[in-house]
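Chain IDs A, B and C follow the sequence of writing; residue 1 opens each chain.
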Amino acid sequence: MGNPDYGKIFENIKEHSPLIHCITNYVTINDVANIILAAGGFPIMAEEKEEVEEITRMCDGLVLNIGTLQKKKTEAMLLAGKTANETGRPVIFDPVGAGSSGLRTETAHRIMKEIKLSVIRGNVSEIKALCQDKAMTKGVDADGKDALTKDSMEDMISMGRRLSEETGAVILMTGAVDLAVFGRQTAVIYNGDPDMARITGSGCMLDGVLGVFAGASPESLFDSVVTAAGTMGICGEKAAAASRGTGSFRMCFIDEMSKITAKQVERGIRIEYKSK
Amino acid sequence: MGNPDYGKIFENIKEHSPLIHCITNYVTINDVANIILAAGGFPIMAEEKEEVEEITRMCDGLVLNIGTLQKKKTEAMLLAGKTANETGRPVIFDPVGAGSSGLRTETAHRIMKEIKLSVIRGNVSEIKALCQDKAMTKGVDADGKDALTKDSMEDMISMGRRLSEETGAVILMTGAVDLAVFGRQTAVIYNGDPDMARITGSGCMLDGVLGVFAGASPESLFDSVVTAAGTMGICGEKAAAASRGTGSFRMCFIDEMSKITAKQVERGIRIEYKSK
Amino acid sequence: MGNPDYGKIFENIKEHSPLIHCITNYVTINDVANIILAAGGFPIMAEEKEEVEEITRMCDGLVLNIGTLQKKKTEAMLLAGKTANETGRPVIFDPVGAGSSGLRTETAHRIMKEIKLSVIRGNVSEIKALCQDKAMTKGVDADGKDALTKDSMEDMISMGRRLSEETGAVILMTGAVDLAVFGRQTAVIYNGDPDMARITGSGCMLDGVLGVFAGASPESLFDSVVTAAGTMGICGEKAAAASRGTGSFRMCFIDEMSKITAKQVERGIRIEYKSK
């Protein structure tokens, strides 16, 4: 298992300028649109039931994010997701807050059940909440904060692997380090900066970037996810060096995404493959 | 037909600090509010059916933008629009995504039919989608991207003129260059920067600025529109020079709007009047 | 009555990292989330009726803001508010636009009646609109702009005191200067910068910061409110010095909040206690 072909992944984005349909929360919807543009894609936000199928049908990827969950929006997500499944386009799912309320957990399970997902991205608590079978989460601390440590890594990988096998999706658990699992493939990405947790939307923006990368290279799903996570982390590192507080960190972060090249990712990414 | 009296237009804004009621999308609603403030107006966002008439009645202008369209919001738009027609205040309409979904196209047509619009702003595809009669769009390529070229200009002007005559509104088509048509009056505005297309909200922010300029000088509608478009373009040029990526471009853009003067517009605007 | 123990108030935030549930408007929801993070808290935005009680129950404070009012959201606010009353957590209420439409005024009164509020923050017009008894607002000009002047101060204090007694809440009237009234306790805070009125969201962000400060030190409600208002004002002063327009002012403002210390507040706050 070699490293992703970063050059090819970036070229695909440049060539296709993927159009990404997002049904997402109102807190970070602007950041998601701007980061998709910065990453080389085009965002389209539409959530009225009557039009989502038509919109998804013209897009290269779909992002579903259940922050500021509304029941009406859930219906639109299901329609859009089924359409993306029909057209064979990747679906990125972010179960924001799964585990925090019954409604979120149920909604996340319903989406997982009715839609074939390509990528599921969440923190450890959220990913854990997606696992119905207790045996799947053995050894995983529900408190996601420090959960991705050396000690817990093996249990995390097991959980991710099972969820990946159950759903057929790449599982991307994010935190101080990021862990990507796709069947037997496993990678830990060490890039990033603590300031990413001091702004809202780092996770939601990653969802959008995953849409762009996977939408442009759907045939290389795992590599796209690993590259997207690494690219985000490197942009976080660069933004931390350039900023003077969390307000400018957010701005610098988008600046960096609008400028980063495949070469810089190749040089900056810190990735470790795990085999078992 | 002379140039607009930029000094007078800016003075009117300063004197009246126009209050602009916006019913707009959730992606760029914050940018729209901030650019209205930067341009010297005051924004008020209200979209609950029960209160929109009361809100519109106290305002100097109304901006309707159908991004993230919701059927409930459409009803509020119609009520607000009719109220603005009653009080004689300018209504700016942005048919975001008209042509991309049946719902958007129908909604745009309904708004055009039920409300007397003062300004319609969109890219070439959106404006084309508003023209029901095929003869109106002769020679106009539906792909808006490069549509405003020397070769296509004559056809664009014809389309704009017909739509302007049908609606009584100033038609503002924006892209690499901007084209304003109001009956027999036609102006091409050459200001702007490609980075404006790399952030979300350039178009929506222009809607808000059009509200401020037209709201302060409703008696000089065409001149207000041309000046607003030129001012936006000049701010884009200045922001491009001051920024280091798309994140800072957006911030610098608002900075420039908050500082620009009539004198700077007079010096920087590149405008060509077309007669036919 | 001495000055607040700024050190203790900041320590409490650091120690508890209060989780603040916000039901707020879509214009500034991103700014509110980011300023809560910058101030040392964690934001959670949830407004679907079915989940708000569950969410509020795990939080340290609740912020209710009726900008972009929607009737559905009002129901969620009432449920969340009652839950916070049950768990004994502070509720911050911002009656945005009360007085501007019947719906807003009625909604504000309903919230005031059904929920025990800890802090009510608004400009003079909004606070006035909350006072049902005309005698309460004697001498108070409805136009909030210049209302907090030397001449009007006594009438403002009277109005605030009566509303505070009626509701049991700290009343925080903001404008060129800020006035905090809690029963017989009264403080005027002189910090701030005029640029705060040239961006959208200064008030909404203060709501979020009040949530963080009061959520971490609920036992010192008045001191928390005064400190939050002073901290905001000092950040505004620092941001004005660092910015080059209203776009960068907003960014610098969040930067400053993410860096400010208790020592800086102690040094920079300009506060005057009124006794009567």
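Definition applied: contacts are C-beta pairs under 8 Å (C-beta built on N, C-alpha and C of every residue); 3 or more make two chains touch, one makes a residue touch a chain.
Chains and their UniProt names: A, B, C = Hydroxyethylthiazole kinase.
The model shown is predicted, which means the values in this text are computed figures rather than measured ones.
One copy, chain B, sits rotated relative to the other, chain C; on C-alpha atoms the angle is 120 degrees to the nearest 5.
Homomeric contact chain A/chain B: same residue numbering on both sides for under half of the interface positions.
In terms of their C-alpha centroids, the spacing between chain A and chain B amounts to 35 Å. For chain B, the set of residues touching two or more other chains reads 26, 30, 250-251.
Of all residues in chain B, those touching chain A in their complex are 25-28, 30-31, 67-71, 97, 100-104, 198-201, 243-248, 250-251. On the side of chain C, the complex with chain A involves touching residues 26, 29-30, 33-34, 37-38, 43-48, 50-51, 54-55, 58, 250-259.
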